[in-house]
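Which chain is which? They are A, B, C and D, in the order written, and residues in each are numbered from 1.
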Amino acid sequence: MSATPRRLRLGMVGGGAGAFIGAVHRMAARLDDEWELVAAALSSDPARAAASASELRIAPERAYARYAEMAVAEAQLNRQGGPGIDAVAIVTPNHLHAPVAHAFLDAGIDVICDKPLALTLAEGQALQAKAYARGRLFVVTYTYSGYPMVRRARQLVRQGELGALRLIQVEYAQDWLSTALEGSGHKQALWRTDPALAGAAGCLGDIGTHAYQLACFVSGLQARAVSADVATLVAGRALDDQVQATLRFDAGVRGSLWACQAAAGEVNGLRMRIYGEHASLSWEQQRPEALRLRRAGGDDTELLRGRTEHGATETIRVPAGHPEGFIEAFAQIYRDTALAIRSRRAGTSAMAAAPDLTTVADGVSGLAFVEAALRSAADEGRWTALPVGRP
Amino acid sequence: MSATPRRLRLGMVGGGAGAFIGAVHRMAARLDDEWELVAAALSSDPARAAASASELRIAPERAYARYAEMAVAEAQLNRQGGPGIDAVAIVTPNHLHAPVAHAFLDAGIDVICDKPLALTLAEGQALQAKAYARGRLFVVTYTYSGYPMVRRARQLVRQGELGALRLIQVEYAQDWLSTALEGSGHKQALWRTDPALAGAAGCLGDIGTHAYQLACFVSGLQARAVSADVATLVAGRALDDQVQATLRFDAGVRGSLWACQAAAGEVNGLRMRIYGEHASLSWEQQRPEALRLRRAGGDDTELLRGRTEHGATETIRVPAGHPEGFIEAFAQIYRDTALAIRSRRAGTSAMAAAPDLTTVADGVSGLAFVEAALRSAADEGRWTALPVGRP
Amino acid sequence: MSATPRRLRLGMVGGGAGAFIGAVHRMAARLDDEWELVAAALSSDPARAAASASELRIAPERAYARYAEMAVAEAQLNRQGGPGIDAVAIVTPNHLHAPVAHAFLDAGIDVICDKPLALTLAEGQALQAKAYARGRLFVVTYTYSGYPMVRRARQLVRQGELGALRLIQVEYAQDWLSTALEGSGHKQALWRTDPALAGAAGCLGDIGTHAYQLACFVSGLQARAVSADVATLVAGRALDDQVQATLRFDAGVRGSLWACQAAAGEVNGLRMRIYGEHASLSWEQQRPEALRLRRAGGDDTELLRGRTEHGATETIRVPAGHPEGFIEAFAQIYRDTALAIRSRRAGTSAMAAAPDLTTVADGVSGLAFVEAALRSAADEGRWTALPVGRP
Amino acid sequence: MSATPRRLRLGMVGGGAGAFIGAVHRMAARLDDEWELVAAALSSDPARAAASASELRIAPERAYARYAEMAVAEAQLNRQGGPGIDAVAIVTPNHLHAPVAHAFLDAGIDVICDKPLALTLAEGQALQAKAYARGRLFVVTYTYSGYPMVRRARQLVRQGELGALRLIQVEYAQDWLSTALEGSGHKQALWRTDPALAGAAGCLGDIGTHAYQLACFVSGLQARAVSADVATLVAGRALDDQVQATLRFDAGVRGSLWACQAAAGEVNGLRMRIYGEHASLSWEQQRPEALRLRRAGGDDTELLRGRTEHGATETIRVPAGHPEGFIEAFAQIYRDTALAIRSRRAGTSAMAAAPDLTTVADGVSGLAFVEAALRSAADEGRWTALPVGRP
């Protein structure tokens, strides 16, 4: 038993009382006991920021109303050898991701950013350039890559279990925007359907990018071209709520992607199927512990988390048959981030320590997909190229 | 108990020993005891034709080597008031569907034709015109429309259970052509991948049209435009084995269609999902007795064949929980055909008696889809219109 | 292609208009074209018998009002080398199974009898003795043994795939008798809950014996002792509708059996799980095409009918992924019966030709189970022995 | 936003490095941020106790080698108004549960005890008496009662959704003891199959009691009598690994319970079905987010956690479709415990605040079931009474 290092200190921007994703980040950070939340700018309203911080037992002197002030102050603590934050989690609405990330990168602080990385590809590329230039870790929380069976799928593909890949089918369907919820003042609906806050893409950026990232993560491929149909099914909505895209990946691999937030009866239906010469894999987020391996002309095998050894990079928290879920997948990303930071500080490679960690490069890749899909749709589904090489 | 009418007399062209679909037609015709097979041209090789007929207990004098001869002879029997056939089942390879159908239409005999109707849209339209001109029933055996829960889905849509439709997703995936099976002399693979025998489309025509018909059958809609990516995944194959199409139906309804015969692990994966404002339906052919109804923001209901009353036009053969399958679905089409013929002879409308029966119009619609999809794919996925109005 | 032998000629006792199981027998007999129905005593009411026969296109001279007369007359035809029946299907209510079977055995005619064989074990043993003495085939239609995946399970067990057996769990639950349906005059409910017509056991005999036979069929074992709790859940019912039995099979194998006809929400829930040292199998009748093989400490494999070669004795009618169901399973028994009869006539062993065919011995075994379970329940669940050795 | 109270302080006995259940308790305690682990006696070996405490970042002065010393010292801190523990979590092997619990009850400290409560019913009753006499909260962690859909099932039963209950079927099957794992020195296997450490029951006590508690928790009933068959399937094992029990609950409700740890292919198969006059519910632990409601003669509905409002007492952590699992269910019990303690301190009823919390009474009930089942099995399955009234 080696000595246990101190918990890493986490700061948070956004995620005040009532926010969904901020609370998830906090549970995820807490689960494996690698992090403690010590500082935050939870709201731009000083009174709300203070109240939220108190609710989260954050010391008043580290409850900030302005993120810029927080970045400066925490960096100052770090420089003094004092207890500044080791990383900041950015859980604001989308339009603030980039400016907040810039502030903390400028302060020399590692970043954990909710997805999407930014509102535009150019913004994302600027962040990536800065993160690389400053040598900062920049994690983008593509939660679903934290599921053990998604990681196992990636590993099986890489090991050649499927043979040469042929096809990738991903989809992400929900129904919570089946009606014009934004018209009723619903907070989540409001900002996610407002171009000023969410960017040029609605459903495409919000959940389509998750599906796209999943396809890339598991296959190890990037799309080279896209032909997309982007639509708004609910009358009066300012952004898309339905996307059907056909994809061409590297090496002639075909693909399709469907994303919809007005699909009645779909709860959180992220699904992936990937077909190779010899076998295929299928996975559904609502049943995350199982991965189905199906062989050409043969039988199906259902792989279950923890049931057989496999060496993927997931954490073993509870044995097979004791279901783990969304929070645990999210916690995997926080655990990997801690591992990466500790490795870097120990003088070894951060990414080698956590090779499945999703970062700013994945975020840029998603933005490239979004922009290409929007251009294709605006041009009657014309095949539109994505940048060559991983951004 | 009313007197039971005589069995209808069925002729068959194609379907000699070893043929898959011919045997299925015969079981389907037999199941409900409405038909007896009395005449056939089972092979163009006279010796084989005679041997196959003997095996099927067909009288030697009605075992023909040439379908044209059979059409003339059976029509002659009918004119004499003798026991000629009431209908002919055409179960040859695709390229013979049209010439055989012409011969029997010309002889005044009703036709039951395996799908696809013909090799080209023009051929199909000519058959349709002739069938209408001669007043003949022309059934095209879109088997899957015979499943009770597919019919129930159609009924639920028509009754408005889903609200206004938004999206239709269909797919049909198999893996039996995952390798270049045609290179090994496999008979089914050979003709299905040979443009001279199967037409310009491979997988698109073979199974894509089933998926398309299912979408139209359940929704009551026709596609207005298609953007397609048509590919050949297995090296050296002469026809497509992979199709990804994006669809626009009437009234702004969006759709997608995927068909593939090189999808490792897929057995006979025909699946349909249809989304409306309030609810959606999903159905899978490999689990045909269940239809899932999912409500926006609500719970899922699993409807089971025979479990609750619903009034669709399926036959009640065995109670709920006693699974029916593919042969029973096929038998439904034979039963509907018998009903249609008897109704016409009784002076009432054939189609009113069997409103879910699939006919030459469906066959033409499928050919229109195939041609538009091929044109779109050849033109880089350009949106390509389908004919307006049901053909 | 060898010459096809004539269809075997089937007679039927019981199964007039409106009867469920008679119609199923007829469809099953028809499906594979091995049988034709030519004679029947469909009702003890002469007018109804004649009308039902006419409806089934049976010649008036072979439509009998009394089964005894039919047995004599058809045997006479056979003796004259005339077209008498090759076998009789007995599809009456339970209390008539034995007397009808005696009449046809006495007439030297092979018997296909619906289950249960008789009302008492003694009656069943007498039938078995007579069938053996007369050298007649006596098939008891345990339908579920006709499912291909049940036969494959039997084969896997026999091949040692599971290792030494440990446990067998079977259950059969329905809900159609959840209310006192017999009080409303429902015909099926009336006779199945009337001790005079159904025997001393209700649900235990009606469906419990199916579950028991399935356990024995797949495992190759017989129960040696039973401890049972037999109950009536619906007030006023004259026979049991709920049975929970604990079993001890040969060789220390443990088991349990649950049967219930008042289990709300259960449609036709026959399920089996069988556990060995190394692996287990599970099967559900409402999803009959799949058999799940689960290995200790390992992954699950889902075996699908027709997907991989296996050599069980089922008929290949349609390929994998084209679901077969209850009628097809029933047809398997008719096909096996035809094979057995033809083999015997060809001078080879009937049972060697159809080794999975269920016969009078299975029927006697079921009656022995019923009687032991009733005795155990009457004696506060005392462990009660079943006869040693297959009856 | 009200002020957030301080975290409750948790002590732990047992659960040093490598222990499974101790780590789960800690994650569960941490997840909702209601608890902090501040003191522990992690091992009876002082060096190991200290090292484990260091690994868990527990201050050295509160890392105890002896639980008795810890109870005294922490009570002393509490009396001084100092930061003593608010509750102790007991996660030792079974035979220590009772002595440790006595020590902390004597010290006036609330107890959270892993299950089983004790080795014998008499021991359990003594603990219950002491807990009541001292007015201490005594939680027994029946984890599965923390799953939201189990709580919803309980609520639906209580609301009469099923009508009068008829039948309860529970089972818990695993395969990790399919071989004589204890012979290889496997630590978990060793103590769980050793009568001195685990008590007189093996599988019956280890997982059978979970199944029994689930039946009681959801139904609101207690068993009145049991007829059991208890067996050892793996040669040489000192305790049972297979139990089949038939149950009679209050009010004539029938039931069965199966528990097995040598069932090849079963991972952590805890399942429950409960049938009433009008409907039934079924739930499986490996798919915990769904609860199936099936109506007599009607359709099935699948209820999903978080999808529709229902008012059960579970915590909303993440929305529907974002799976929660075992750790979250466990965390629910820690959250309820915190709620109960805070309520009592605020002068209101602890149990009214957390009515679904499982306590020493449930533990005693489970021990009563175990003892009755063992007596029944030893007496050839004789029906054996359980104590009347909730213990």
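One rule holds in what follows: a residue touches a chain if its C-beta (ideal position, glycine included) is under 8 Å from a C-beta of that chain, and two chains touch if they have at least 3 such contacts.
Note that the coordinates shown come from a computational prediction; the quantities given were computed from them, not determined experimentally.
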| item | value |
| --- | --- |
| Distance-maximising chain from chain A - centres being C-alpha averages | C |
| Result of counting contacting C-beta pairs for C-D and B-D, higher pair | C-D |
| Cα-centroid distance, chain B relative to chain C, in whole angstrom | 35 |
| Interchain centroid distance [CA atoms averaged], chain B/chain D, Å | 56 |
| Centroid distance [mean C-alpha coordinates] between chain D and chain C, Å | 44 |
| Per-residue multi-chain contacts in chain D, two or more chains | 297-298, 300, 304, 307 |
| Chain D residues touching chain C - in the complex, by the definition given at the top | 162-163, 166-167, 169, 175-176, 178-179, 227, 229, 231, 233, 242, 244, 246, 248, 254, 256, 258, 260, 262-266, 275-280, 293-298, 300, 380-383 |
| Chain B-facing residues of chain C, complex | 1, 3-4, 6-7, 17, 20, 23-24, 26-27, 30-33, 51-52, 54-57, 174, 267-269, 285-289, 304, 307, 317-328 |
| In the complex with chain A, residue positions of chain C that touch it | 297-304, 307-308 |
